[in-house]
Amino acid sequence: MQINRKEFLKKAGIAGASLIAGGVLYSLFKGDDIITAVVESSAQTKWAMLIDVKKCAGKPDCSACMTACHKGHNVPAIDDIRREIKWIWKADFGNVFPEHTSEYMDVAVRSQKVIVACNQCDNPPCVRVCPVGATWKRADGIVMMDHHRCIGCRYCMAACPYGSRSFNWKDPRKILSGNDIRVEYPVRTKGVVEKCNFCAERIDVGEMPLCVEACSEGAILFGNVADPESDIRRALAGKYVLRRKAELGTNPEIYYLV
Amino acid sequence: MLEKILTGKRQYWLLLGCLLVLMVPGLFFYTRQILDGLVITGLSRDVSWGLYISQFTFLVGVAASAVVVVIPYYLHDVKQFGRIVILGEFLAVSAVVMCLLFIFADMGQPFRIFNVLLYPSPHSLMFWDTVALLGYLVLNIIIAWTALSAEYKGIPVPQWTKPLIYLSIPWAISIHTVTAFLYAGLPGRPLWLASILGARFIASAFASGPSLLIILCLIVRKFTAFDPGIAALKSLAKIVVYALVINLFFIALEFFTAYYSGIPSHHHALDYLFFGLDGKSSLVWFMRISIVLGVAGLAGLLLQMKMNNTLLLLISLIAVFLSVWLDKGLGLVVGGFVPTPFETVTEYIPTLPESAIAVSIFAIGFMLLTALYKMVISIRISNGN
Amino acid sequence: MYDGTKIIPGILLFMIVLSFPVWYDRLNGSAVIPDPEVKTESKYCVMPKEYMRSNHMVLLDEWRDSVIRDGDRSKVFAGIIKYDKSLSNSCMKCHNNKKNFCDRCHERLSVNPTCWDCHNLPEEAAHAN
């Protein structure tokens, strides 16, 4: 059979294109990632946190939870606010809950510090936007990050209404010194997004999150809100609690007792 | 046909040489970005997208606007557009290539790019945007290439391209709509969370894209023996006028809703962009100049219809193009990140390295455009115009 | 076929250049199989040596997916020992010398796995204590 150059290029092109398209379609319909990303779990377990703002504000100089978390997860301390990486941190009440602040509120009240972290939303916008399934919601409600898969497009950072996500602008090993690194937990590579993971690595082996364990005031209550008998459900039942920007429909799983 | 790219006059090689020179610093800085990470940019935890993504957004508009020549020519049989339709399609090709390069430049882990195909995620608009852009690129290459090679051989354009051309029309609209959806579906970013964003994107695209196309055609007309036809360019300028008026109207609508409702989250971003917020105001003059250029460009375009002055036409079109570039290629993306989720203001100023990388990508795009236009023009000249 | 006299020798030449590393090593007698140093107190690995030699990367990928994506942190049994599915916390507890264990083959084969960009080496453990 005679085949000229143009014909060959055409056929090779068609074959190549259909191979790629076929591959994409195959992985689309194989689809395990898609299902984990969108299907609501009929969860037996749904982890949540209740933060007692008063107890926490009682010790304004305390940073036990943040230290425990950042040390335990090898989160580098960066001074520059543009590049910083944080999983759990303190912000002014007025900045965390602007909609619950009035002009006559005491400056002392408005500027009292509130602990914030990833809200582990029930309806997480970051998960919806991730183009590779590097962030997804587990059956127990934890919004996970797979740092092996993240392409660093930072769409999740734009989607998160809470500013809970940080990006590794440079290699964190350039900041963490050898002594700071906790060997059992990995660090991250440059160019990936990270955030609080509710200590999934500890919950899975029956331990409490590091911040909960580190808090001497008992200001953080952690538990399973899918279980009506759990401590956290009892605590939530009769109290007036706040959630950040609840009107956005993201259903945060961090509750604040004020 | 490609052989036409390899021969040319001195000024052709001079132009390519200049673009090559513009490319060099960016390539150097990109190797640094690969080694050190995005730390070389001015981006931050609070403003996590900047120059790269805003250029991408703007250029999707330029790419989509090819449809403004395709619709009149193929659907309404406006014969005078026959000479510029391929130029419009090749402009779209170059613009999409630049879009893809900007996305690539913005990635923190560029070597994992194939994860987008390995783990396709239909719940992500980014996935659909990739599909739309790649599809649009392929469509335009096939359509323009087939039409040009038919012209080269002096045979009619094969019939099988017709369905592809009709498909390319909604596809062009879709690439820019989907790009708007990237932004318009995010909770907690009130500047973007507007249903008019998609419509505004299309209107501003149909103002800026054809402006660039007319400018390019005027350059071609001045420096080569090929004349795209001034009458066609003037008709195209009318489309620019309509699109520009609609775009300015949409901007006014956004201002009305934000300020009349008085909802703080709705006007904070506009406050920042046009008046400054919390004493931070680095974009204020750019945004105001954008509005002034838009209005001035409109006035100039209306005036030149009466005066029939090509120089005024050129200046007005440059004004329109810059106006949309400042609005979409600068303010829109950065403004969406202000204020932060904690009601504070973090400013973003592009660094020299990231600006050089952006210039480099534009240089690559315009090199491709120059080569493609050279091919078209050489073929047309040798075919006796 | 056009230009067969040029194409066929061209392909042959290309093949020769392509296989350069193979015949160069053969001719020089430097085609030695690397010998990674297995220095460990434990007698039990999660898989036989032969399997690990060719498929350790597959196993590590499976572990990664099951731990991170499926949240399955169940242990793996090897003889009488239970191991976590973890590179740093299991594999490298025994094979604690990356240079003499991992790198010997990787360097020879010119592969650059990115594992240690993030996962820590036992040396750093010694350093930290």
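As written, the chains take the letters A, B and C, and residue 1 is the first residue of each chain.
Quick note on the criterion: a contact is a pair of C-beta atoms (placed from the backbone, for glycine too) under 8 Å apart; a residue touches a chain by one contact, two chains touch by 3 or more.
Fair warning: this is a prediction, and the values are worked out from it, not measured in the lab.
Asker: Tell me the chain pair with the top count of C-beta pairs in contact.
Answerer: A-B
Asker: Could you tell me which chain lies farthest from subunit C when each chain's centre is the average position of its Cα atoms?
Answerer: Farthest chain from subunit C, going by C-alpha centroids: B.
Asker: Distance-wise, how many Å sit between the C-alpha centres of subunit A and subunit C, to the nearest whole number?
Answerer: Computed value for the inter-centroid distance: 32 Å.
Asker: Just give me the whole-number Å value for how far the CA centre of subunit B lies from that of subunit C.
Answerer: Result: the chain centres lie 46 Å from each other.
Asker: Could you give the separation in Å between the centres of subunit A and subunit B, each centre being the mean of its C-alpha atoms?
Answerer: Each chain's C-alpha centroid was found; their separation is 34 Å.
Asker: On subunit A, where are the residues touching two or more other chains?
Answerer: Only 171, 189 qualify.
Asker: For the complex, which residues does subunit A have touching subunit B?
Answerer: 17, 20, 23-24, 27-28, 33-34, 37-38, 81-85, 91, 94-96, 98, 125, 127-134, 149-155, 157-163, 166-171, 189-193, 245, 248-250
Asker: Can you list the residues on subunit C that touch subunit A in the complex?
Answerer: 64, 68-69, 71, 73, 88-89, 114, 117-122, 124-125, 127-128
Asker: Would you pull the subunit A residues touching subunit C in the complex into a rising list?
Answerer: Subunit A reaches subunit C through residues 36, 136, 138-140, 144, 146-148, 171, 173, 178-179, 181-184, 186-189, 200-201, 204-205.
Asker: Tell me, which parts of subunit B touch subunit A in their complex?
Answerer: 36-39, 41, 43-46, 48-49, 103, 106-110, 112-113, 115-127, 130, 138, 182-183, 185-189, 336-337, 340-344, 346
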